[in-house]
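Across the two complexes that follow, chain A remains constant while its partner is chain B and subsequently chain C.
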Partner chain A sequence: MTTLTAATRTKVLQRQGAAVALTVMVVVSWLTFPRFGSLDNLRDLALQGSFLAVIALGMTFVIITGGIDLSVGSLYALGGVLAAWGSQHGFLTALLLPLVVCGGIGLINGLLIARTNMAPFIVTLASLLFARGLLLAITDEGANTYQVAPDSAFVELGRGTVAGFGYPIFIAAALCVLGGAILNRTGFGQNVFATGGAEQSAILMGVPVARTKVLVYTMSGTLAGLAGALTAAYLQSGVTVIGVGTELDAIAVVVIGGTLLTGGMGTVLGTVIGVGLIKVIQNVINQIGTLDSNYQSVVSGVFLLIVVVLQRILRR
Partner chain B sequence: MPTDPVIEVAGVTKTFAGVRALDDVDLTLHRGEIHALVGENGAGKSTLIKVLTGIHTPDGGRIRRNGRISTIYQEVNLVPLMSVAANLFLGREPRNRIGLIDRARRDAEAAELLKSYGITADVSSPLGTLAVGEQQMVALARAVEADADVVIMDEPTSSLEPREVETLLEVVHKLHEAGIAIIYVSHRMDELYRICDTVTVLRDGKNVHSGPLRELPRIELVSLMLGRSVNEIQKHGTTAFGEDHHADTRPVLEARNLTSRPRINGVDVTIRPGEVVGLAGLLGSGRTETAKAIIGALPLDDGTVLVAGTPVPRNVKAATRAGISMLAEDRKTEGIIPNLSVRENIVLAALPRLSRFGVTSRKKQDRIVDTFVKRLRIKVSSPEQKVAELSGGNQQKVLLARWLCTEPRILLLDEPTRGIDVGAKAEVQALIDELAREGLAVMLISSELDELLDGADRLVVLRDGAVAGELEGAQLTREHVLAAIAAEVMDDADSR
Partner chain C sequence: MSRMLLIAATALLVTACTSRESPQTAASGGPAASAAQQQSAGPGCTRSRTGYPQVDVKGATVGFSQSEKEANPFRTAETQSIRDEAAKKGVNLLVTNAQSDLNKQISDIKSLLDRGAKLLIVAPLNSDGLQPAFDAAKAKQVPVITIDRKVTSQPCTDYLTFIGSDFVEQGKRAAQQMIKATGGSGKVAILLGSSGNNVTVDRTKGFKDGIANSGLQVVAEQTAEFDRSKGQAVMEQLIQSNPGITAVYAENDEMGLGAVTALKAAGKTPGKDVKIVSVDGTRSAVQLVADGSYTAVIESNPRFGPLAFETLEKFARGDEIPQSIVISDDEYDTSNAAQKLGNAY
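Let's turn to the complex of A and B:
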């Protein structure tokens, strides 16, 4: 039964590998940097992580179907600008406009991928450019930054707190719990796994593969738009320069969390741990202070590489 | 028999890029009927099934379905990364009160259900960790438990061990008693005659015969499938193996004390040039493992493999360089590269031999490919056709050709004729014979006793991963082998 033990080993390392790394990182940082364990720092860390977690949640579903969504970084920025612009017209417009527009772009991504069999990489790369262009067009090349009125209800969504922890943390947590339940406990979730695990077999088993794909990209776009809206509410403006490369961060945390880049296997919890890991690393590098913040990317990159190599080795 | 048809197909036609896979096909299936669908590899059986289930849209004709259809397709149609239970219940999982999947109940029900199919593996482990036969049984359970009016099985037994085949046939029997109609595709005549009431024969996409099966002599059925006269077929026996071979005296392969616990335990096998050695034994006796150990694909606790007296390092590459080739049993999932052409798939393993300074001679390739396509009757529109477009049996022939054209010194064949039609089967057997006569050392694993008895010069009987005996010459009879197997079964019963 060599295959079985290998499979179990893979499972443990993929499921728990990131968790072990996160625990070690947290303990070491706690002991090394006195400020790391302060409540303020932890709150800040969680808040920073929550925006990425919302985006990465959608990415987790997409990657499990065997796809990829490169458009989320641009949709994140676009969502923020649309929310800031919409906030002039009230809370609901500010919240729903980015969801509808970004969700709509996600829907188009999904339809193109599912119905025309174009590569997800190409389709979402096109929408990355499209969304970024749209963003620049409505902000006069970024010269025009929409502000959110400081006293509006929408700001509360990003800046409100419970026991000092920002609302976005709770929103992200709730979405991740919901996402985990959808993935593991619904028919749609099973379809997601089947689609990414063996697409041809899934078709023969009667899984609505095309519909599943359309749904995951729509979901991914919507969540990116939501993350943008939350960020705009928090920053009180629609910042146009954010989100460049965020799609790669999202992909990185999903993969670090143990989701197979080739599809068919993955967890939401893993993604959340991946987000935690990246954010702790960034936080520590900030604590060191003397280290160039560019090293954040270097460290994240090394981490990603290790995980992907491990996945490869363990799959054999 | 009730006359209300559950499936009625009339004049169905289907063409793939110029290949006419189905040509004006009729088929009627009644409630409670077990209908055999037979024909050579590439005759159109799987295509007809996919048209019936709506995977393919026919170009013309009429299909009437009068009930739910559940299908086991020829290719493995489950998801290896998902758990056994998830595969079994995909699309109809048990739910809890608020409509979420009840995983505990799903796993419990799956374990319970699979026990009756002889599978005791952990249902929460990924399906891919199960043996192919077990996976096939899961597919069977999935199709049967779907509560359908018609169950279609496309070569369900081609990757099963004899014991699993019995379980499957029992299941078929139960379905039949429950009044469920069955379409059954197989190349194994014994099975067909045991369970089927009626038969439809396809040849080159055309329906050449439909009627009751039992009244149709076996030889006539074969003649209908191949489109050759009964006389012509009668000349050959049940298998196409010839006389015994005159083997050299010095063994070219010596495997000593092969041990990989718990599957095999101190197996010794020697093969001389020009000799065909059969491995006999039941499910789990370690035949496939022995072959894998010889080619270096199984991590060993102990043991050595010598080729012409020289020890071979324990890895596939070294074994291949030493002249060992192996046709794996697990051909459904291993080895075929679907997007490459038939030619590329065949010459793949022989490329090093065909190239000089990294450049391969296309002319040589074409010659080899042409020989094997003709010899094995591989049905292709051209050697440049993608392998993915071939019928299941023809894909297997391509793999067989791949290993035969490497011109090895030692050839390990694990179930070489599985899934291959009667006509081509004879060709494969004749080819093995011919290769042995040319001095090749062959190890033959087959679950068909006749194939072993006729094909092998010597039989090594395995029991629980160890050699239980060797049969040679006059001992090579059905009775002797069955006695060896019976001893095994009795031992089994004793140890319980």
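Let's turn to the complex of A and C:
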């Protein structure tokens, strides 16, 4: 009983820690910088956050199972290139091709990790290199950028707006709500927690640990591919230089959001808050203007460190 | 344990990112501060054609979006040149740096517009993908000047004009220097820049065209990805496989400096036994030219400030602006390197 209360308290504290930081940041920025609260700025903040949120959603599931997925940055870029290439064959090809290919690579990640018990970071590091290599191969070493026709329906997916807010924002929001529901209200969600909490006990209790792992890595790959497709639609081209280091951003926002790197605990809402924090920090540094943008990494790094230290303390 | 592994993996990744970044950076190569000459290409762009309002440069808020970290001489000199000229013109300059992140460059540009920039200077991170940022500028009727890297969007519509070096011409001038130094005969090795990069393609084409009618013969060409240590490693291999090499053309200074180290280690005297010509104009390379252990350096000019603001002033006056403007590049050889060392960056 006491353990349960302690766990709940820790969970609440962790989640609120990031939320409190975000609230303070937003309120202070709103009061300090007149343009921070402008509708244009908020729209751009949300849009920029939406691509990362989609990737980080998959990463949340992976990290809760106690794993890690380093391939998402490369899959994100690969997804974008495939979508831009596919757009010449119509909307569905542009959308589905990256989902299938990146989901497929995620599936292979999952199978290797679940069936052979190889360390997730080695397996996904290999697919990071593989996917980046594949991307360079199909773009003639990055020299050939596929363009999306500006008037195609696919561009609308990335550039269309409702009240000025881009479609990717709504897509990311819907996916996060769905992801949160799956995590907290389904048997699969329970399996994800159980796998990361205590894998051996989970296996003994009959939790389908292997299947759960395969599913989370497939999901992570698919979502990275989707984020790439949305980005390609938004940029109107399959840009090859994106996604370098994005896996680290995704891991950072998940951890800042209170998900334990050791697994077994975490929330989608926390991840969304983590994305918000990172993007607000970036925006504020731009608002200050005189600050070297290197400080963005410094500030994000400090935040990450504080959160990880707090996690360590709160866990005891 | 797993956490330690994660840290190790992270460290690996960070290293990987950094090394991937630097060739890109060096790719743009850099040049010196001479008077700029203009070349018009295609129909020009006037303010009346765009319908943009007149914005006097003096006292205006101008945004500058840099693409990559100012961690190499070219980027440092480029940003400094914009800053200096802005101060001279009495401009309120806002500066952002996208840190090699394309999405960040888009939001950087949007935030510059949001913070009241009426004129924009952009050093694009990539030729493609900045369309959302250009659209945002268009919506606010803000003219955008792109510098150093050409974008695939439409001049005059999406952006005002492009100011940059003629990389083919740089290759040709390197060839002329090489012919002058070698007397037009010998075996040349080319250290290529990163593959799939237009700078590499252009500088290679210009050089090969330039030596076509001479007795110089290209015996080897290999990529060293604009990187000094790779330049050294590739040069070491080339000396082994082609001991008769008498000249090296490096597509940037960094690779050339690597080649110097390799040649010295092999007991050769760079600048004498083996002539070396490269493109960029960094201080370390020009210093070697002055010292006599390097043949020549063709500049790739990073000082876009004067030309960029001059173009914005012309646009405000209603003058016709060409689709692209070529910035003039200097060159350094043994006869002038010592005097011009101050221009190197």
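By definition in this document, the second predicted complex is superposed on the first by the 307 of 316 C-alpha atoms of A that agree within 3 Å, B and C clash if a C-alpha of one lies under 4 Å from a C-alpha of the other, contacts with A are read in each partner's own complex, and residues count from 1 in each chain.
The rule we apply is simple: contacts are C-beta pairs under 8 Å (C-beta built on N, C-alpha and C of every residue); 3 or more make two chains touch, one makes a residue touch a chain.
None of the values given here were measured: they were computed from a predicted structure.
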item: Room on chain A for both chain B and chain C (clash or fit); value: fit
item: Partner chain(s) touched by A:L223 [first = chain B, second = chain C, both, neither]; value: neither
item: First (chain B), second (chain C), both or neither touched by A:G197; value: first
item: Partner chain(s) touched by A:I256 [first = chain B, second = chain C, both, neither]; value: neither
item: A:Q48 touches, of chain B and chain C: first, second, both or neither?; value: second
item: Superposition-derived comparison: chain B or chain C, residues of chain A touched; value: C
item: Which superposed partner A:G264 touches (first chain B, second chain C, both, neither); value: first
item: First (chain B), second (chain C), both or neither touched by A:V239; value: second
item: First, second, both or neither for A:A181, with chain B first and chain C second; value: first
item: First, second, both or neither for A:G206, with chain B first and chain C second; value: first
item: Per-pair minimum CA distance [chain C against chain B, superposed on A] in Å; value: 12
item: Chain A residues within the chain B interface of the complex; value: 2-4, 7, 181, 184-187, 189-190, 193-194, 197-198, 200-207, 260, 264-265
item: Complex interface listing, chain B residues touching chain A; value: 55, 71, 73, 75-82, 86, 90-91, 93, 100-101, 103, 125-126, 128-129, 299
item: Chain A-facing residues of chain C, complex; value: 2-3, 5-6, 9-10, 12-14, 17, 20-21, 24, 69, 94-104, 106-108, 110-111, 113-116, 125-132, 152, 195-198, 201
item: Contact set on chain A toward chain C in their complex; value: 35, 38, 40-41, 44-45, 48, 51, 66, 68, 70, 119, 121, 125, 128, 136, 139-145, 147, 150, 159, 231, 234-237, 239-242, 244-245, 247-248, 261-262, 282-283, 286-287, 289, 292-294, 296-297
